[in-house]
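Structures incoming, each one as structure tokens.
Shared between the two complexes below is subunit A, which pairs with subunit B and subunit C, respectively.
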Partner chain A sequence: MNPRHLAYWIAAAVLVGLPVVYNQPYHLHVMVLILIWSFAYTSWSVMGRFGLVSLGHGGFMGVGAYVTALLWNHFGLTPWVGIPVALVCAGLLALIVAYPCFRFRITGHYFALVTLALSGIVLQVITATRNQTGGSLGYTPERTKGNAIAALQFVDKETWYLIALGVWALGIAIWYWIDRSMIRYAMEAISEDEDAAAAAGINVTLEKLKITVLSAVMTALAGALYCQYQMFISPDTVSGISVSLQMVFAAVVGGIYVAFGPTVGAVITILLAEGLRIGFGTKAVGWDNLVYGVLLVVFIIFLPKGILGSLLARMKPSGKH
Partner chain B sequence: MLVVESLVKRFGGFTAVNNVSFKVEKGEILGLIGPNGSGKSTIFNMLSGTFPPSAGSILFEGGELAGLPPHKIINRGIGRTFQIPRPFRRLSIFENVALAGYYGQGSHSRSKADESAERALAAVGLPVERNASVDGLGAAGLKKLELAKALATEPKLLLADESLGGLDEHEMDQAADMLRRIRDDLGITIIWVEHIMGVLMRVVDRVMVLDHGEKIAEGLPTAVVNDPRVIEVYLGTDAHATQAVAAAAAR
Partner chain C sequence: MLEIFDVYLAEAIISGILLGGVLALLALGLNLIFGVIDVTWICYAELIMLGMYALYYFYSVYGLPMWVAAPACIALVAVLGLLLHYIVIEPLLDAAPINQLLATGGVLFFLQSFATVAFGIDFRNLGIRLPVLALGEMHFSYARLLAFGAALAGMVIVYLFMTRTYIGTAIRAISQDRQIMALMGVDTKRLYLVTSAIGGALAGLAACLLVLQYDVHPFVGLSFGPITFLICVLGGLGNFIGGFVAAFLFAQIISLGGLYSDLEWGYVLAFAFFIVMMFIRPAGLLARRP
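For the complex of A and B:
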């Protein structure tokens, strides 16, 4: 076993064992949030790293959260079934939006604009169907009186920490799997030159769709998880343009070309949001978005590889990106 | 092998290719020449599926290609190069070629792709080393890479688009010899679009000449360069140029 693998195993053991030795509830809560959002940001970067800049991922997250909660409240459908249904819905939504874009070569800024509209539409639909979804006041899955496992509702933070850790690790694993598969080469080629990629035999539309649907489904899972953990969702926290922008910001700041970049981004954004909330209370509502906006511009200009990406590139000068 | 019948391509009111028919026999090298804007590249783009023809048919080994997307045409066994090399700069040389081997053959097998990539790189004379960067290649190297990408798709028919622009005379000769070797050693049929007539005439079996989207001559190189219509549209009436080309063809 080489030292790198050993380090990974030790890090994994420390992360899994952490709640046994340290379980201060607020700190665990922040860790769970970081893990869930890290997974969401990683999901975004799965396609974002190939130049497919989506500003619609808030929409997919909203679908994941709301479909799961609505099925539970209205039909008593356990999240174990509800979440897969929600993931399928998000995947279909991604197909419906992305297929025409890719088929008719809507790329770059125009693709970003189309997806931006998606964020807005999902938010509007949730708000408009307020009789079912609670509208902008938010929505709460009903507390179960029966089996906690069947309802995927747990009171203790330790359980949630382990679930979030597992899902986050799954996200990292998917990231690595793509990084090593032929899909990565195909997507790099497509992002550089679609015609040349097609001349190499790549079905450009299909490859882009695959990565987009994967990314959307993963993001929806993050939304469902967030819903089950927080037991409260509102259009502003799981859908909409600000959530989408937050994903872009965090992924870019952390680094979209490295596996743990979005995770670093999540640590920074969530500590920033929590810090502002504790330091300034309600006076600072929305400040984090302002800071995000300014930092995003600064990062795109001066540190396009993100914090982690730049650090790793400096440590290893022969790095590819 | 390839039978093209009354191919037409219109862009709005402009007819880029007008009613062109030709055949390509297995194992031959067909040269496709004509002045700028004569429709050579448009024909290539239709053969490779970049855009569909407005009318006409393209039969390849008995199957219709007109209207198929590029990746399906490549999977049937037609590889192409681009006039201006279009490498993927974020991938290494080997990855560029292996990618074409993986997707171009339609089999999606990584070991087969690696094998084809090694063979293709060796055939064009590029290093088979895994991590060599594209940035180290000059004009001649990029053209070789372009050719290796096309070869890795294991084509039966290769569409080579103006492979020699930007090379010096020595490199041009080498490249022309390479195309001939590809045909002789690998048994790949070739359609070669080229501006530089001299080198082309030396290698091809037959030539087809286009002007304003129409075929004006077809036949053996020696016959075509003496065709008065070809001399007029392609060479103007400059007697020196005519003689130069005739001399090149005779060589």
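For the complex of A and C:
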């Protein structure tokens, strides 16, 4: 076992053991939020790193959250079934939108704008079906009176922390898995030149579809988890264009080409938002986004690889970048 | 029963046409920027939002007469467009297109929260209630007729500018071939700045027309921004005529969809129509099939 692996195992042990020694509820809450959003941002960067910039991930997250909650409230279906159903829905939605996009080679700007339309649709559908979804006022899954595990509703933060940690680790694992798989080489070739990639025998549409559906399903899982944890969802917090942009922003700031980049992005953005909220209270409304906006522009112009990406690149100057 | 229904239908269709004029104006500015500079201003609707605030402050707070306030508002947004290009787009001209898109996304965040911080989240309106025109049993507000007329006038002015002036000709040329124009001794930087200013001015004009009909708040851009992008993409980014046609199509769908059900369903229909059309005509409504 080399030192690098040892460091990973120690880090993992510290993260898992943390709630046992330290369980201040507010700090745990912030950490759970960071983990869930990190997972969402990682999901976005799974496809974003290959130049497939989607502005529709707010839509997938909304599908994950709302389908789970609606099945629970209206049909009493446990989230253990509801979440897989929601994931399938998000995957199907991704398939329906992405297949024609890739088939007809809608790329770059066009792809970003088509997916923007998708998140617009999901937002409008949630708002329009206000009798079922509560519309823009938000929606609350009913508290269970029975088994907490069957309803996936836990009061204590420690359980949620461990669940979120596990899912986040899964996200990182998927990221690494793709990093080492053939999909990565295929996708990198495609993002350089689709015609050349196709000529080299890569099934361009299929490879892009795989990565898109995977990314969408992961994002929907993040949405479902967020819903189960917060027990309150509204179109503004889990769906729509601002959520999509927020994902892109955090991932870009952290760095979309490295595994922990989106996580760093989530840590920075959430700590910034929470810090401003505690420091300035309601006076701070809007300031966090003000800072985000400026940071996003500055990062894209001066540091397109993100904070972590640039740091790592500096640490090993002999690397390929 | 049937006659009443038909009156509503006619009213919806005419409302759709009126809405289409304003949407076409919105799309024109964005198309111009895309066609010439090859970037998409995701924050376009937020520029309009600032313009709406500007007119509100000039007219309602500082009490300037409308014939001063409206041109001042247009000029202000034109300057904002210029600044946007100079500060954000120019350093990124050689970057990947998607980076330009994201950078203007950052500007979107910035402008929205700037408005929240500076103006608060209250809904404001000019407090002008223009009379309503009754045509048979149909009712149209003069604000919408005015908006339609002004939008058409704005489009004609831009058309004349592009076809009859030297700079306009240069702008059209540059949108056809970026590299060659620079070799011909054309100062592309200056042309880009002029185009950004025109795009900004169109946003300013749109702001003046929209604030007559709608309340302004920091997030108002989200209610018509996405629609504008969809119209531009549907018409083919950079294709002015396509954008024009798409604007009226979209407006009809929203208006008729809103007639049979909620307004949101009108939007859902329009979005769905967009996605379907992207598959049938990915390069835009009027594009030839490859």
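Assume the second predicted complex is superposed on the first by the 320 of 321 C-alpha atoms of A that agree within 3 Å, B and C clash if a C-alpha of one lies under 4 Å from a C-alpha of the other, contacts with A are read in each partner's own complex, and residues count from 1 in each chain.
Just so we're on the same page, a residue touches a chain if its C-beta (ideal position, glycine included) is under 8 Å from a C-beta of that chain, and two chains touch if they have at least 3 such contacts.
All values reported here derive from a predicted model rather than from experimental measurement.
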Worksheet item: Overlaying on subunit A: subunit B and subunit C, fit or clash?
Response: fit
Worksheet item: Once the shared chain is lined up, is A:Ala199 touching subunit B (first), subunit C (second), both, or neither of them?
Response: first
Discussion item. According to the stated criteria, A:Ala128 is in contact with first (subunit B), second (subunit C), both, or neither; which is it?
Written reply: second
Practice prompt. Using the touch criterion from the header, give the chain among subunit B and subunit C with more contacted residues in subunit A.
Written response: C
Response to the item:
Quick note, subunit A centre (C-alpha) to subunit B and to subunit C: the enclosed angle in degrees to the nearest 10 is 80
Worksheet entry | Which of subunit B and subunit C A:Glu188 touches, first, second, both or neither | first
Item to complete: Could you look at A:Ala117 and tell me whether it touches subunit B, subunit C, both or neither (first, second, both, neither)?
Response: second
Worksheet item: Touching A:Gly51 in the superposition: subunit B (first), subunit C (second), both, neither?
Response: second
Worksheet item: In whole Å, how close do subunit B and subunit C get at the C-alpha level once superposed?
Response: 8
Fill in: Complex interface listing, subunit B residues touching subunit A
48-50, 69-71, 74-75, 80, 82, 86-91, 95, 98-100, 102-106, 108, 110, 113, 149-150, 153
Worksheet entry | Residues of subunit A that touch subunit B when the two form their complex | 182, 185-186, 188-189, 192-193, 195-204, 320-321
Response to the item:
Counting only contacts in the complex, subunit C reaches subunit A at residues 40, 88, 91-92, 95-99, 101-103, 105-114, 116-117, 121, 218, 222, 226, 229-230, 232-233, 237, 262, 264-265, 267-268, 271-272, 274-275, 278-279, 282
Worksheet, complete the sentence: subunit A contacts subunit C in the complex at 51, 53, 97, 100-101, 103-106, 108-110, 112-114, 116-118, 120-121, 124-125, 127-128, 240-242, 245, 248-249, 252, 285-290, 292-297, 300-301, 304
